[in-house]
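To start, the structure under review is shown below, and the notes come after it.
Naming follows writing order (A, B, C and D), and every chain is counted from residue 1.
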Amino acid sequence: MREFWHYFKNGLLGENPVLKLMIGLCSVLAVSVRVDNCLGMGMAVIFVLTCSSLVISLMRNFVPNEVRIPIFIVVISTFTTIVDLVMKAYLPPLSKAMGIFIPLIVVNCIIMARAEAFASRKPPLYAVADALGMGVGYTLVITAIGVVRELFGYGEFLSHPVFPESFQGMMAMILPPGAFLLIGIYIAILNWSLRRAKR
Amino acid sequence: MNIFLPTILVGTLGLAFGLMLAFFAKKFAVPTNPLVQEIERLLPGANCGACGFPGCSGLAEKIASGEASPNACPVGGPRVWAELSRLLGQESGSWEAKRALLLCQGGEGIAQTVAEYEGVADCKAAHLLPASFKGCRFGCLGLGNCVKVCPFGAIHLDTESHLPVIDWEKCTGCGKCVAECPRNIITLVPKREQVTVACVSLDPGKEVRKLCSRGCIKCQLCVRTCPEGAITFENGRIVISREKCTLCGLCVEKCPTHCIIRVGEKLALLEVKG
Amino acid sequence: MTKILRTALALTVVCGVAALALSFVYVVTRERIASEARKELDEALALVFPEGENFTPIDLATLGPIPESKELQFLEAYEAIKGGKRQGIVVKVASTGYGGPIVLLIGVDTEKGTITGIRVLEHQETPGLGSNVAAEPFLSQFLGKPLTSPFTIGEDVQAVSGATISSRAVARACGKVAELLRGERE
Amino acid sequence: MSTEFLTIFKIIVSAAFVDNIILARYIGLCPYIGMSSSVANSIGMGMAVTFVMVLASIVTWILWNYVLVPFGLEYLRIMVFILVIATLVQLVEILLKKNVPNLYRAMGIYLPLITTNCAILAVTFLGVDYGYPLFQVVIYSISVALGFTVALILLAGIRERLRLAKVPNFWQGYPIVFIATCLLAIAFLGFKGLVK
């Protein structure tokens, strides 16, 4: 159980997939316009990541090397399609807002990276711990970006107005440049705080 | 709705692709260095490209050849680093500790100084200027960025020559100075006795002769001298093959400008003689 | 040879199982997805033609010759029925805006010859500027306008500031729909 | 004839610049950040992406229109497409390695990066979504790849200059790269509205 926590915590900060490893960026930037989208995307990624890590870890001894990547990607795509279908059925507005980025979870490098780097080498319990940690770490970052973008871009939080009527949204925050700017600032802050902590 | 049709269809697709892949992988197999494969097995294999090399196999090759450090994979993190070091440490024949080496002897009194530099004492700033205050466009500026960046205090500026001196006892081969140097004259080399050309100038011999008394003038005397054929002239620079070199020292003696140097196992102090 | 077969078989089995699982999920969710889509359309239809009790899809060709336009496509048409009688027509059109097609639902009362409602279903306009054409203040300008209006930006319709092209796309859609349905008026 | 030419021109400009896959759609960022450390790397990556993108969109277009749609299996799209791409990439890599080692050295080594490159999958999806005929799909995928390569080379050029610049301590590395990307994205916003 101790090791379970160890692997779980690893993904939160030390090896945070977005800020430290620089993977899975596409969906982080594209979806983080509103907080509810971020949470939805986070949940979807956690689900796909955990399920595929578990399955891949269970199969790890039976997979021939030549078809390793096709097999992993088929497993991942199955869970992604399930998420896609379920979201369309039960959460249609959310599914519409995320558009093509739900299918693109398949190629979210986080999932393939963790499948290859971790799940295909470790027993299922640890694979799940690692997947959960990575997934939660991803969700934390994407939500942190989403809060700022929604607040300044629309002047709202979870679609509730925060600022007085006269507030005009900052367009740049909603458009791509704002996303790039914010993630740059976040990484710089993380670097800075890590360096301070070391001292 | 028939749910078996898709199963059969996709299954067939899988069968076809699987057959193709397995067949071609066997038929067109290219023998690769077993060490590279070993390293690649340890790497995450996500092929994300975050390391700056083309995929995990690309990085594996570079690690095996010593051009990349085993901690270059940001995805694998410290764990992969530890595993790789263990692997490489065991196979000591193909893996050696690296040390930083300055490939320039153009210190004070040896290389020409054509102008007084009074700007910020920073190599990068000085390098950005269109003209160099040192005559040579390739040589060390001696402003000490590498000294500042070294986390181990292994580099200091020599008081006479104003060139950085790297203490191989303290150097860990982390490569920070290599990345810092705007002129790319610091490189990582295996930690052992070796003979190397301490000049990276691409200028023609005549130019070099004017600018520096320890620069490579491309006379290629060493190429002709070497009994092992270990020295070649490639793309405007002299290259000494570490594999072929027997450390006989003939080239060091013959070099008219003394720009081929012998580096000891313990230290990379360039003996700057008058 | 056996190795090749084993490798291929591994991929086959994984693919087969994956497809089986997926088609199962698909069968379970299919009804729900269809009904969600239907519900969404019904809600939108009810919004652009509040008086209609139910809506039936009709063939666009029955409405007469479709106005030619490069920047406008007629997609679908619905009859709005109240008390068993046709009250109006709802047309779905795609009009080229700033970032791509703006898909609109436009409701027309064929008896009075006025626009009853207009709604943006999909768009890719710049958030914060062009996206405002999907908002109430702009769209409500069209409510109750007779089909004979010119629907010209600057004359009878005010553009969203900073988004002339997007506004013009919506106005153009209304104009063309009006042109099509003018003949329908009984 | 001229209208056809115009459509194709429109596809090229909008796919390569207006809707630049990286700077306007945020797709394909991992290799964009990873492979932009030098101009040489980015050119190799651009070539490999172009090659695979065109190949993948042709194959998936055929599968989509002649297998998935007739059988009513649209929902298997994600799985089938990604399976095709993964296999294709691996095959091309094996073949190049053995038969054309020179080409392999120039671009093949970038191929493994591409399986998990969302840009490829996105292009195959978008090509099908837009309902282009086969010829236009090819043009579309080439233009997207062109846009990808342009963005990659632009950033690589900036990063080569950045190495010489004095960047505040904790901004070094990725943060400053993202700030540069932000400015690039602003520049590309200027293309918006170019194609009507």
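Some points to look at:
In this section, a contact is a pair of C-beta atoms (placed from the backbone, for glycine too) under 8 Å apart; a residue touches a chain by one contact, two chains touch by 3 or more.
Here the structure is a predicted model, which is why all the values come from computation and not from measurement.
Think of the whole protein's Cα atoms as having one middle point; the chain whose own Cα middle lies nearest to it is D.
Set side by side, the interfaces A-B and A-C show unequal numbers of C-beta pairs in contact, with more at A-C.
Our note on geometry: subunit A versus subunit B, Cα centroid distance of 36 Å, whole angstroms. If you average the CA atoms of subunit B and of subunit D, the two centres end up 31 Å from each other.
Across the assembly, subunit D contributes 30, 33-34, 75-76, 79, 83, 87, 90, 115-116 as residues in contact with two or more other chains.
Across the assembly, subunit A contributes residues 22-23, 64, 66-67, 70, 74, 77-78, 81, 85, 109, 112-113, 175 that each touch 2 or more other chains. Multi-chain contact residues of subunit B (touching two or more other chains): 6, 9-10, 13-14, 17-18, 21-22, 25, 46-48, 50. If you check the complex, the residues on subunit B that touch subunit A are 14, 17-18, 21-22, 25, 43-48, 50, 74-77, 80. If you check the complex, the residues on subunit D that touch subunit C are 75-76, 79, 83, 192-193, 196. The residues of subunit A lying in touch with subunit C in their complex are 33, 59, 62-64, 66-67, 70-71, 74-75, 77-78, 81-82, 85-86, 88-90, 92, 153, 169, 171, 174-175. Those residues of subunit D that touch subunit B in the complex are listed here as 30-31, 33-35, 37, 41, 44-45, 67, 71, 73, 76, 79-80, 83, 87, 90-91, 94-95, 97-99, 109-113, 115-116, 163-166. Contact residues on subunit D toward subunit A in their complex (touch as defined above): 23-30, 33-34, 75-79, 82-83, 86-87, 90, 115-118, 120-122, 125-126, 169-171, 173-179, 181-183, 185-186, 189.
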